[in-house]
Amino acid sequence: MYATWVLTALLAWPLITGAIVMLVPSRMAKHVALVASLIEFGISVPVWWTFIPGTGMQLVADHAWISAWGIRYTVGVDGISLFLVLLTTFLMPLSILGSWSYIMKRENGFYALLLVLTTGMIGVFVALDLFLFYVMWEVMLIPMYFIIGVWGGDNRLYAAIKFFIYTFFGSLLMLVAILVLYLHAGRETGVYSFGYMHLLSHVATLGSIAWWLFGAFFLAFAIKVPLFPLHTWLPDAHVEAPTAGSVILAGILLKMGTYGFLRFALPFFPAVALHQTVQLIIVVLSLIGIIYGGLVAMVQPDFKKLIAYSSVAHLGFVMLGIWALTLQSVQGALLVMINHGISTGALFFLVGMIYERRHSQLIEAYGGIARVVPLFAAILTVVSLSSIALPGTNGFVGEFLVLLGAFRTYPVAATIATTGVIVAAAYLLTALQRVIFNPLTSHENEKLTDLTPRELAVLVPLLVCILWVGVYPKPFLRRMEPSARALIQQVRPGLVQGDAP
Amino acid sequence: MTLTFFWIFGVIAMGSALLCITRRNPVVCALWLVVTLFALAAMYVMLDAQFIAALQVLVYAGAIMVLFLFVIMLLNLGRPGPTDIKGPVGLLLAAVLAGTLLFQLRVLGGAQALPPSAIQLPPGSLAALQARQGIVGAVAGPLFETYLVPFEIASVLLLAAIVGAVVLAKRKL
Amino acid sequence: MLLSPALEISAVLFTLGVAGVLLRRNTIVIFMCVELMLNAVNLTFVALAQPLGIGGQVFVFFVMAVAAAEAAVGLAIILAVYRHKQSVSLQNMNLLKD
Amino acid sequence: MTGTAVDLIWLAPALALLGFVLNGTLALARPATKTAVSIIGVGVLLGAFAIGIAVFRSFVALHTDAPVVFQYWSWIPVGSLQVNVGFQVDQLSTVMLLVVTGVGSLIHIFSVGYMQEDPGYARYFAYLNLFVFFMLLLVLGSSFPVMFVGWEGVGLCSYLLIGFWFSDKVNADAGRKAFIMNRIGDFGFMVAMFMIFWSTGSLDFGTVFSHAPTAFVAGGGAITAITLFLFLGCTGKSAQIPLYTWLPDAMAGPTPVSALIHAATMVTAGVYLVARCNLLFAMAPVSGAVVAGVGALTALFAATIALKQWDIKRVLAYSTISQLGYMFVAVGTGGAAISAGIFHLATHAFFKALLFLGSGSVIFAMHRAYHASHSHEDAQDMRNMGGLARHMPWTTTLMWIATLAIAGVPPLSGFFSKDEILTAVFARGTPQPAWLVFGGLGLVTALLTAFYMTRLMLYTFHGPNRTGGEERRHLFEAPWIMTAPLLVLGLLSLAGGLLNVPELYHGNAWLQHWLEPISRSSVALLPETHLATGTEWMLVGIAVAVAAIGIVGAWRLLNLETIVPAHSAPAERGFARVLRNKWYVDEIYDALIVRPIVWLSREVLWKWIDQQVIDGALVNGAARGTRAVGWANRWLQTGQVGVYVAVFLVGVLLLLWRAMS
C-alpha cells in the first residue's frame, strides 16, 4: 500500500504545502515550511526499508496523464535514484532551518519556492516517463532562478540569468532529443509513448542519429554536472545564491546531470558513449575538471567560489567513475554524489552561518577565529576533511571506490585523478587555515558568536551522515549494487568488471 | 427592380465610405460613415434581414456614431488637423496594399467561393421562415437556443466594457 | 439574387476600411474605419444568411455587440490618451519604441 | 577468536578513541578542565599499554607463526572488493603496538607537566589520544585500506598538533605543509592499492601476500611499480627525499608532539609499511635498491644539514630524518635485515623520544626563565643556552645517555641496532656492490651523527651560560612528572639493546627470531648472504671508531667560548651557509613547484581561461552576440502603430496569396 502512493505523496505534498505557505502570515511561513519538509522527510524515511535491494524499478506508480500523446505519469525508484530522493528530502528541512535568520524579506515566497523546488527535484529523480522527466526538469529550474534572483547577493541577476540560460540551453536540446526518441519508437511500433522502458527497448535501431541524440543529452547533462568547460555558471550561481540555494544547488541540482547520464545518456546510447573518441573526451574532461577545479579553487578569494570550484572537481570524479563502468567505480560515483551533497552542503551552511555574523564570504576577512568560535571551527574542520576524502569520513569511501574502479578501465587517468586528492588538500586546508587558524587580526572577528542550537541542529545530522557513510557504508552499497550491476550489464553486456566471481 | 435598388444603395455606401476615409474633418468623416451605415441598413432590408437593419440604425447609426461624435466634440477635434492624412508615400502605400487586397478579395470571394448549391437553401426559404415565426422570432429562436451561451458571454463582455470604459475615461475614481 | 453584388460591395467596403486605416493618423478616424470593416463583414454575413440559414444574422448580432463594447472601451482609451498627450494622432503614440 | 587476551586487541584503539571523544567534548564544552583531562588522557593510554602487554603475552603463549586476524564488520563491500574493518595480531604488529602505547604513555605523562599552563590543554590531549587511535589502526589494520585510515589519520593529527598554536601563522603553515606533503605520499599509497587489488583481487594482507608469488612476476614491471608507489607513500610519511621538508617545520608543534609523532611513532610508519610488505619488495629488487638508496642518501643529506642548525629541535628533526634513512636502508635490504630495521625503529623510539623530551625540558626551563624576565628571546636557539648542565643535572645526564645511544657507543641500544643494520647491508654488498655504497654512506652518516649530537649537547649544556643574568636565576629542572618519563626512557635507551643482542656476542637475537615469520617468505627470494665473523668484528670496530671520532672531534673542534647569543650572531659564510639554509631545498621547491602552480592556477587557469576565455569570450560572448543581433534589428521597431498595421497587412496579404494559389 505504502509502496504505491509514497512517491506520489512525495511529489504532491510539497506542492500543497507550498501553496499553504503562500497563504499564512509571513512570520509563520518558515515554521509551516519546516514542519512540511519534516513531514516530507518522514514520509520518505520508510522507503529505506521498503526498498528491497534488487534490480528493476520499485515503488512504481503508473497512471494515464495525457493519453492522446502517450504521456503517462510513471514514477519509480531503483538503487540509483533511491538515495538521491532521500538526500533531497533530507536536505530540505536542513535548508529551511538554515535559512531561518538568513532570509528576511518575502519569506512566504522563498519557502514556497523551496517546497516547489522539492517537487521538481524529486520528480526528476523518480520520473520514468520522459515527458514527465522533462517537465520536472524545468519545474526545478524556475524556483531556483527566483531563489537566486530575488534573495541572492549583489550580482544576483547576472548569476540567475546565467544559471537559467545555461541550463535552459541544454534542456531544450534534450527536449528535441526526447521527441526524436518518441517519434522513432512510435514509428517503429505504432505505439507512441514517452515511457522509459518503451523508449529504451527501441534505441538499438536508431543508427547514426544516436550520435546527435547523445550529443543533445550530453550537453544538457554536462552543463548540469558541470563538466569543464561548461562550468562557469556554477561559481557565479553559488556565490550569489542564498545559503539554502547554494546547498540545494550543490547538494542536489548538480546530481541531476550525473543522474541523467546514468539513467538516460548511457543506457540509451551505449554504442556512442563507449566509442573510443567519446570515452577519451569525457575522461579527459573529467580529469581536467578534477585537476583544474582544484587548482582554480586554490586561488579563490571567495570561500563560496572555492567550494563551487571544488564541486567541479568532485563531480569530475563522479563522471570518471560512471564512464569507467566497473562495479566499484559506478557505486563509488553514486556514493560520491551523496557525499558531495552532504559535505558540500555542510560547507555551504557553515559559510552561510559565518556570513550572517560577519557579512563577508571573503576568506581574507577571517583568520584565527578558531579561538573565538571553537565549535564552528571544529565542525568546519571535520566537514573540510570529509570534503578532501580523509579516510573514516564519507568522502574517502566514495573517492576510493571511484579511483579503484576506474583504475581497471583507465589506469593512467585514474592515476592522474588520484593527484586530485593532493590538490584537494592544498586548497581546502589553505582556506581552512586562513579562516580559522592564523593570527586573529580583525577586531570584528573578536566579537563573533559561536554556533546556536538551531545551527547545530542543521549541522549535526550532516556530521552524523559524514561519519556513518565513512565508517559503515554497507547499507548504502548494498542497496545500490544490483542497480549498478544491471546498468553496467545493459551498457556493456558481458562480464561486469570488478564483480565477485 | 430590387437589384437596381440594391446597387443604388451599394453605390451610396461605397461612395460615402470613400468620402469618409478621405475627408479631413473628423466630424465630416463621421457623418459620411453614418450615411454608409444607413445605406447598409437599406441593403439589409433587401436581404431579408429587417430586424438586423433596425438594429443597424439603432445601434450603429444611432448609438455608436453618436458616441464617436461626442468624443470628437468633447476633445474639440472638429477642425481638421494638419497631419491627419498621410502624405503621398502613405497614399501610395495605402493604394497599393488596398488594391492588392481588393484584388485578392474579389478572387477569393468570386463564384467559386460560394457554397455548393447542394447545401444551399432553396430561394425564399428565409422569407418563408420569417413568415412562419415572425421577423424577430426567426432571429430570436436560434439566438436563445443554439447560441445561448455566446449570448450570455456577449452580455458579460458588454458589462466588462462598460466598467472598463468608465475606469479608463474617468479622471478620478 | 443579391448575393454576388452584396459580396462585391462588401469587398469594396472592407478595402476602403483598410485603406482608411492605412491612410489616416487620427485615431478616431482609424477607429471609424475599423467600424467600416466590421460593417463590410456584416454585409457578407447577412447576404450569406439567405442561402445558408438564419445563423448569419445571429452572428451579425454578436458582431454588433462586440463592436459596441469595442467602441466604448476604445473611445475611453482615446480619451485617456488625449488627456495624457493632448493629441489623438498616431504619430505621438510611439511608446512601443524602446 | 582465540579465547585469550589477544581477543581484547580492539580495546586498545577503542580506549584511545574514547579518550579522544571525552577530551574532545571537554575541550569544546569546558576548555578550562585540567585534572579530568589528564586522568582521561593518560589513563586511556596506560590502559591501552596494559592491553598491549596482555595481548603480547597471550600471543607469545599461542606459539603461532600465523597472524591472528579479527574481522569486525564489513566496511566497503562492492563486488569482488571486500574490505573489512579488521585487526591483525602478529609478530610485527605486537612490537609496534608495544612501542606505540609504551612510548606514547610516557609522552602523555610528560605532556601533563609540559602543557600544564596551556589554555588548549584539553584540546591537546584530545588530539594526542586521537593520534594514538589512528596509529594503532595503522599498525593493527589487517588490510591496506584499514591501514590507510590510520595512515591518513595520523597525518591529520600531525597536522592538527603541528598547528596546535595556530595563532602563529608559521605554525599553521607548517601543519598544512606537513599534510600536503603527506598527501603526495598518500597518492602513491592509493595508486599502489589499486594496482594490488586488480592484480591479486584483494586488499587484505593475508590474501595479497599469499597470492603475490603467483600474481606477479618477480622483478617484473607491475610489482616494481607497486612497490615504488608504496615507497612514495613512505617518503611522505617518513620524511625521506624528496618529501622530507615538512618534518623540520613540524617542530613548530609542542615538543612532546615532536617526540611522539615526529620521532617515535608516526614517521616510522613508512618503515613499518615496507617491513609489512617485505615480500613485495623482495620480489622487486629494483625497488629494494631504491628504498635502500634513498634511505642512505637521506641519512647523509639530513645529517649534513643537522651540522649547522641552531634550533635544538631542528637538529633533532634532521637527526630523525637521518635515522629514518637508516631504517629504510635496512628494510630496503629486506630479508633478515627487516628485523634490524624494526630493531632500530624501537631503539630510535626510545632515545629519540628521550632526546626530544629532554629538549622539551630545556625549552620548558628556558621559557620559564624568559617568561620571568619578560624577554622575547628564542627559547629554542642553542646559541642562547650553554652551561645548562649546572641547572638541569637530570636532564643533562639522561640526554647524554641518549646521545651516546644514537651515536652508537657500545653497549647502549643504538649501538646494537645500528651495527645490525650495517652488518646486514655490508653482507648484501657481496652479491650486490651497490649495497657497499649504501653501507659507506651509513658509516659517514654515523660519523656526522656522533658529531652533531655532541655539538648539540655541548652547546646546550656545557660551556659558559649565554642566558642573561636575570634568566639564570630562574633556570630549574623540570617537575618530576616530566623527568620521570625521561628516566624510564633513559633506562630503555641504555638497555634497549638487550632486545636483540646478536649471536656475535652470544646473545639470543630475540627480536630477529621473533620477527622471522614476518620475513620468512621474502628471505627465500633474496640472494644468500653471509659475512665472516672476522669481517663482522671489523665492522663493529669501524662503527665504534667512527662514533668515537665524531664525539671526540666535536669536543675538540668546537670552541664553546666564541659562541654569541642568537640576536648578535653573525651570518654564516660559504658552505656553512648552504648547510644552515638546508641546501636551499625549501627555496628550490618553492620556486620550481609551489610558485609556478599557484601562478598557473591564478593567472592562467582562473583569470585567463576561466574568466576571459570561457566566461568572457564564450559565455558572455554569446550573450553579446545575441544583443548585437537585437541591436541590428532595432530599426524594425519604429514604435509607430501605423507602420505595424501596414506590416501586419502585408502579412495578411501574403497569407491570402497562399490561400489563392
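A, B, C and D label the chains in the order they appear, each numbered from 1.
Basically, contacts are C-beta pairs under 8 Å (C-beta built on N, C-alpha and C of every residue); 3 or more make two chains touch, one makes a residue touch a chain.
Note that the structure is predicted; figures quoted are calculated from it, not measured.
A count of contacting C-beta pairs for B-D and for C-D identifies C-D as the more extensively joined pair.
Chain A and chain C have Cα centroids lying 58 Å from one another. Our note on geometry: chain B versus chain D, Cα centroid distance of 99 Å, whole angstroms.
For this pair, chain C with chain D, the centres built from the Cα atoms lie 93 Å apart. Note on chain placement: the centre of chain B and the centre of chain C lie 7 Å apart, centres being C-alpha means.
Listed for chain B are residues 86, 90, 93, 97, 101, 105, each touching two or more other chains. Annotation for chain D: residues 642, 646, 649 touch two or more other chains. By the document's touch criterion, interfaces exist between A-D, B-C, B-D, C-D. Looking at the complex, you find that chain B touches chain D at residues 86, 90, 93, 97, 100-101, 104-105, 107-108. Note for the complex: chain D touches chain C at residues 634, 637-642, 644-646, 649.
Residues 642, 646, 649-650, 652-653, 656-657, 659-660 of chain D touch chain B in their complex. Those residues of chain B that touch chain C in the shared complex are 2-3, 6-7, 10, 13-14, 17-18, 20-22, 26, 29-30, 33, 36-37, 40, 43-44, 46-49, 51-52, 55-56, 59-60, 63-64, 67-68, 71-72, 74-75, 77, 81, 83-86, 90-91, 93-95, 97-99, 101-102, 105-106, 109, 111, 113-115, 119-121, 123, 126, 129, 138-139, 141-143, 146-147, 150-151, 154, 157-158, 160-162, 164-169, 171. Residues 1-20, 22-26, 28-29, 31-33, 35-36, 39, 42-43, 46-55, 57-58, 60-62, 64-73, 75-80, 82-83, 88-89, 91 of chain C are the ones that touch chain B when the two sit in their complex.
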